[in-house]
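Two complexes, one shared chain (chain A), two partners (chain B, chain C).
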Partner chain A sequence: MKSPVFFLVWIVVAAIVFAFGLYLKNDYFFFAGYTVLQYVVLATGWNILGGYTGYVNFGSAAFFAMGAYASVVMHKVAPLPVPLLIIIGGIVSGLVGLGMGYLTLRLRGAFFAIATLALAVVLQTLIVNWDFVGGSRGAYIIRPNTLDIAGLQIPYIEYLFALMLILAVCALTVARIVERSRLGFGFATIRDDEVAAEACGVPTLRLKLMATTLSGALMGMAGAPFPYYIGYLQPSSAFGLEYAVNSIAMPMIGGTTSWVGPLIGAIVLGTLQQVATVTISSAVNLLIVGLLLTGFVIIAPNGILGLIHKFRGQSDADKVGRRVIRETP
Partner chain B sequence: MNGMVQTLVRPTRRALLAAAAAVALFASGPAHAADPIKIGFSMALSGGLAANGKAALLAMQMWQEKVNAAGGLLGRQVQLVHYDDQSNPNTVPGIYTKLIDVDKVDLLVSPYGTNLMAPAMPIVMQKGFTYMGLFGVGVNDQFNYDRYFQIMPMGPKSAETIPDAFFAVAKTLNPAPKSVAIVGADAEFGKVNADSARKIAKAMGLKIVYDRSYPPSTVDFAPIVRAVQASQPDLVFLASYPTDTVGITRSIHEIGLKTRLIGGGPVGLQFAAIKTQLGPLINNMLGYELYVPAPTVKFPGIEEFVAAYQAKAVGQGVDPLGLYVPPFIYAAMEVMGQAVTKTGSLDQKALAKTLHDNTFSTVVGDVKFAPNGEWEKPRVLMVQYRNITGNGLDQFRKPDPYVILYPPQFKTGDVKEPFQSK
Partner chain C sequence: MGNSLTLSGVHAGYGAVHVLHDVSMTVPSGETAVLLGTNGNGKTTLIRCILGMIRPTAGTLTAEIDGQTHNLIGMTTEEIVNLGIGIVPEGRRLFPRLSVEENLLLGAFRPKARQELKRNLDFCYECFPRLAERKSQLAGSMSGGEQQMVALGRALMTAPKILLVDEPSVGLAPILVSRTIDKIKELKDSYQLTVLMAEQNFNQAIRIADRGYVIVHGKIAYSGESAADLNNNDLIKKFYLGL
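Our next item is the complex of A and B:
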């Protein structure tokens, strides 16, 4: 499928999801759905660096928070429509990603992961001590009840949900394009063996910088509308541990080698968490991510995608190999 | 990929079942007159605020039992619909829309704590619900919602109440104090109170000799206490969170801090776990309390409530004393119940009007709300802990360890100075 066609198909799917929400006439669908979609974007962003390139980033929450705080700054300086804030959030977090790449990409494996964790702590300390964005007190972002678009009064949460849907489709399209391009193959070579890739003439540093920037930008975009969703942004909620954990757990559960993996993981785990919050509703909630991760590591180390391939009797290596042969001119 | 798209597009029996389940999850039938009155809220039953959240839930259930045994409200039984927000603000918007749109609750109560209350505000305002707040500080300052109410007795200027009480006591010292050190946690409560303390100290003409906040993750407080010691303040105002309060108190005694008066807003001293853990180390410290069993604080029904709560609290993993959170949560529910009865309906606008226009008698005394939904007059007790021996729990059930210094109508003694380390 060509990328524009892919994009259009998913836009249609998104429109159906949105229409289903309107049909239910139920704000809960939009609120719960927003959170799941936010995770789709976050997990897809993480997967570009973590899945395609093999660099595990524990600092997702920092990129998410940078996007959110970019919106808070803009809200105070010059209020802009949320779609523009998403772009600004993407640029800010993309730049943070680029900076992180320059500073840390000499590190590999666990050392890189620790460095990203440290980055999150440093950025959180910065925000806590920056009174303009509320500092440790937090910032109130009061959203209007409805948005006037061409005379139509649209409830604000439906607007945010629709934006997140479009953003999710864009993120998936970008991830798919990257996965199937020379860039994606470059990322895969770094994941498989960085030294060998370098020896073969793959410009690893440049590629890694592109991966950190792209990954950071997507995660920042996921965070940009968040202040309008939550209404009161505190450093502890923007830098919440659940963003770091979920953005790793979701691609791991779905499968990290393809754009579908984070999508499946985010929908499964995100929905499960939303449902568990209002059904089990006790500390057992917190067990879910842990148990699922442990279960998948043992039973399906390549995630749900890996399981599907296994059932079809087709190994990942075969699939990638065949695709390379088919798509390389 | 093709196979996947097919399963996504072609409706299988399993997919139809799943869709039906999804519709059932999001839809529910209309309410009937004989149905129970549903009161919805999210509560921290796991995570950092769980200890308070569980105690709050227990108090609410005690109220529910009592009301239902007496025939309910408006002839209908009362049902509590609640979910665990995991002490995580991000779960709150979803839970409150579920409560309103899916569970179709009739009344709303807030989660526990400022940062969990605020995320529900935009939703509550949009749906026009009356919102009874539990233990949040200054949430309505930004929203100015006329159907917001708050049970914590901090008064209309909630940020200034605790520092006000501390410095009111400091003014009674003879000779008058000349200098103050302000130590606050770098988080919402610490910052709000340290800011107000600074303002009041300046107005009083006190010299601020130390004014620093510490990151919430601090574990070693010795350097902070040493720096305070070096500045030789007459007063030390603290605005710390529970674990910090423990760390600071221990450091104060290890280093032997000499000052005339110390305390104000150390969160944690209100709870049995920290009272018993620190024991005699908090002697002569000043802490804020909302209720203590003193002879001047006799609200009708409070002693019976506390006794009943303490009996139920055994083995439930909640605060065994229950002097701080539970009576006020119970009072919040009493206020809601009385307002419904007085209004004679569940109309949210009429309910808010009833709440604004009336005084409610509860286990924590008479409650009257200011236009911004806070208590009309603050009623925080500034207490000096004394006569604490050992780490036993039972001594805290009696009036002996508490000397109320402020406000004057509840005063049980004069301030004792200096605060001395052993």
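Our next item is the complex of A and C:
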């Protein structure tokens, strides 16, 4: 399937999901759905660096929060429509990703992971001490109840939900394009054996910088509309542990070698968490993630995708970049 | 047109550990130079230096490619590979989960190599008919000797003028070692390569050597300008074999 076709198909799917929400006439569907979709974008972004390139990033929350705080700053300086804020959030977090890449990508394995964790702590400290965005007190963003589009009064949450749907489709399309391109092929070689990749002439540092930037930008975009969704943003919620943990756990549970993995992981885990929040308590969320992650690491280390391949008798061989090489000669 | 490699007064190491001391050597165009030394004397460090993976603390490192001289110090690995310096890394370092053909195609990642992809691939299969038979097999499931062929083939896919081979004998049965060494000689002749090979196996390596250097504790202890020189030298026996 060509990428534009893929994009259109998923836009249609997104429209159906949205129509289903309207049919339910239940605001909660949009509130919960927004969170799940936000995780789809976050997990897809994480996977470009973590899954395709093999660099485990523990600082996802920082990228998410940078996107969210970029919106807070813009809200105070010059309020813009949310789609523009998403782009700004993406740029800000993309730059943070690029900077992080320059600082840390000479580190490998666990050392890289630790550095990303430290980055999150540093950025959180900066935000806590920055009065303009509310410091540790947090910032209020009073959003209108409805949005006036062409004379129609659309509830604001439906508007945010629709934006997130489109963003999720965009993120999936980007991930799929990367996965099937020469770029994805380069990423996969870095993950498998970086020294060998260099010996073949793969420009590893440049590719890694592209991966951190792209990954950071997507995670920032996921965070940009967040202040409008939550209404009150404070550092401890924007930098919350659940973002870092979920954005790793979701691709792991779904499968890291394809764009489908993070999508499946985010829908399964995200939905489960929403259900648990309503039926049990919101504190049980991380417990669910932990248990599932442990279970999957033991039973299905290649995630749900790996399980599916196993049952269909296919090898677990990963798909990233392989299509390109076969078509090259 | 010449493709040669010249190191002069190279010092290098890892952080505080000083590995190479004042290493000078030349690999003249069209020759095979062997770098002899036992474990831990700096062979791989030297190769890494040439490839820009380690930056020397002193000295000069130049390569002549098609008659043009390039200063390798300060260049990134991919730029050096793109110049036309191919590497068969120590321990082969294939991508085990990719097929043989995919591993080979990977060698042609750089723009320059991509242009001649088809020709180089055909050449690889011609040199290594075994690989043509096993195109779609996963590289990780092949035997050591076959993997070494893939690694050699992958280096050829970068369309190199100068080929660096780091310890081709690692993990191979003696008979395969001698076959691999023969193959390197054959490739050099049919592809007009300039070869620098780091190797521990003295007897095998000097069979194809036009000149040789013995490296001991990061210093060039002996340099032999011809194959005969290497064969009949008591110093080599002393330095290398400890006799």
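By definition in this document, the second predicted complex is superposed on the first by the 313 of 329 C-alpha atoms of A that agree within 3 Å, B and C clash if a C-alpha of one lies under 4 Å from a C-alpha of the other, contacts with A are read in each partner's own complex, and residues count from 1 in each chain.
Just so we're on the same page, a residue touches a chain if its C-beta (ideal position, glycine included) is under 8 Å from a C-beta of that chain, and two chains touch if they have at least 3 such contacts.
This is a predicted model, so every value here is computed, not measured.
Participant: For A:V202, is the partner it touches chain B (first), chain C (second), both, or none of the two (neither)?
Facilitator: The answer is second: A:V202 touches chain C but not chain B.
Participant: Just chain B (first), just chain C (second), both, or neither: which does A:S237 touch?
Facilitator: A:S237 sits against chain B, while chain C stays out of touch.
Participant: Tell me the contact category for A:V128 with respect to chain B and chain C: first, second, both or neither.
Facilitator: In the superposition, A:V128 contacts chain B only.
Participant: Output check: A:T35 vs chain B and chain C. Expected answer is one of first, second, both, neither. What do you get?
Facilitator: Only chain B; A:T35 stays clear of chain C.
Participant: On the superposed three-chain arrangement, identify whether chain B or chain C touches more chain A residues.
Facilitator: Per-residue touch count on chain A favours B.
Participant: Go through the superposed model and pick first if A:Y229 touches only chain B, second if only chain C, both, or neither.
Facilitator: first
Participant: Just checking: does A:G186 make contact with chain B only, chain C only, both, or neither of them? Give me first, second, both or neither.
Facilitator: It touches chain C, and chain B stays clear.
Participant: Residue numbers of chain A touching chain C in their complex, please.
Facilitator: By the definition above, chain A touches chain C via 182, 185-186, 189, 192-193, 195-196, 198-205, 317-318, 322, 325-326, 328-329.
Participant: Any idea which chain C residues touch chain A in the complex?
Facilitator: 51, 53, 76-78, 81-82, 87, 89, 93-98, 101-102, 105-110, 113, 117-118, 121, 138, 154-155, 157-158
Participant: For the complex, give me every residue of chain A touching chain B.
Facilitator: Within the complex, chain A contacts chain B at residues 24, 26-32, 35, 125, 128-129, 135-138, 140, 142-143, 145, 155, 157, 229-232, 234, 236-237, 240, 242, 260, 274-275, 277-278, 281-283, 285-286, 308.
Participant: Provide the residue numbers of chain B that touch chain A in the complex, in ascending order.
Facilitator: My answer: residues 1, 4, 23, 25-27, 45-46, 50, 82-86, 88-91, 93-95, 97-98, 100-102, 115, 118-119, 121-123, 125-126, 142-143, 186-188, 190-192, 213, 215-216.
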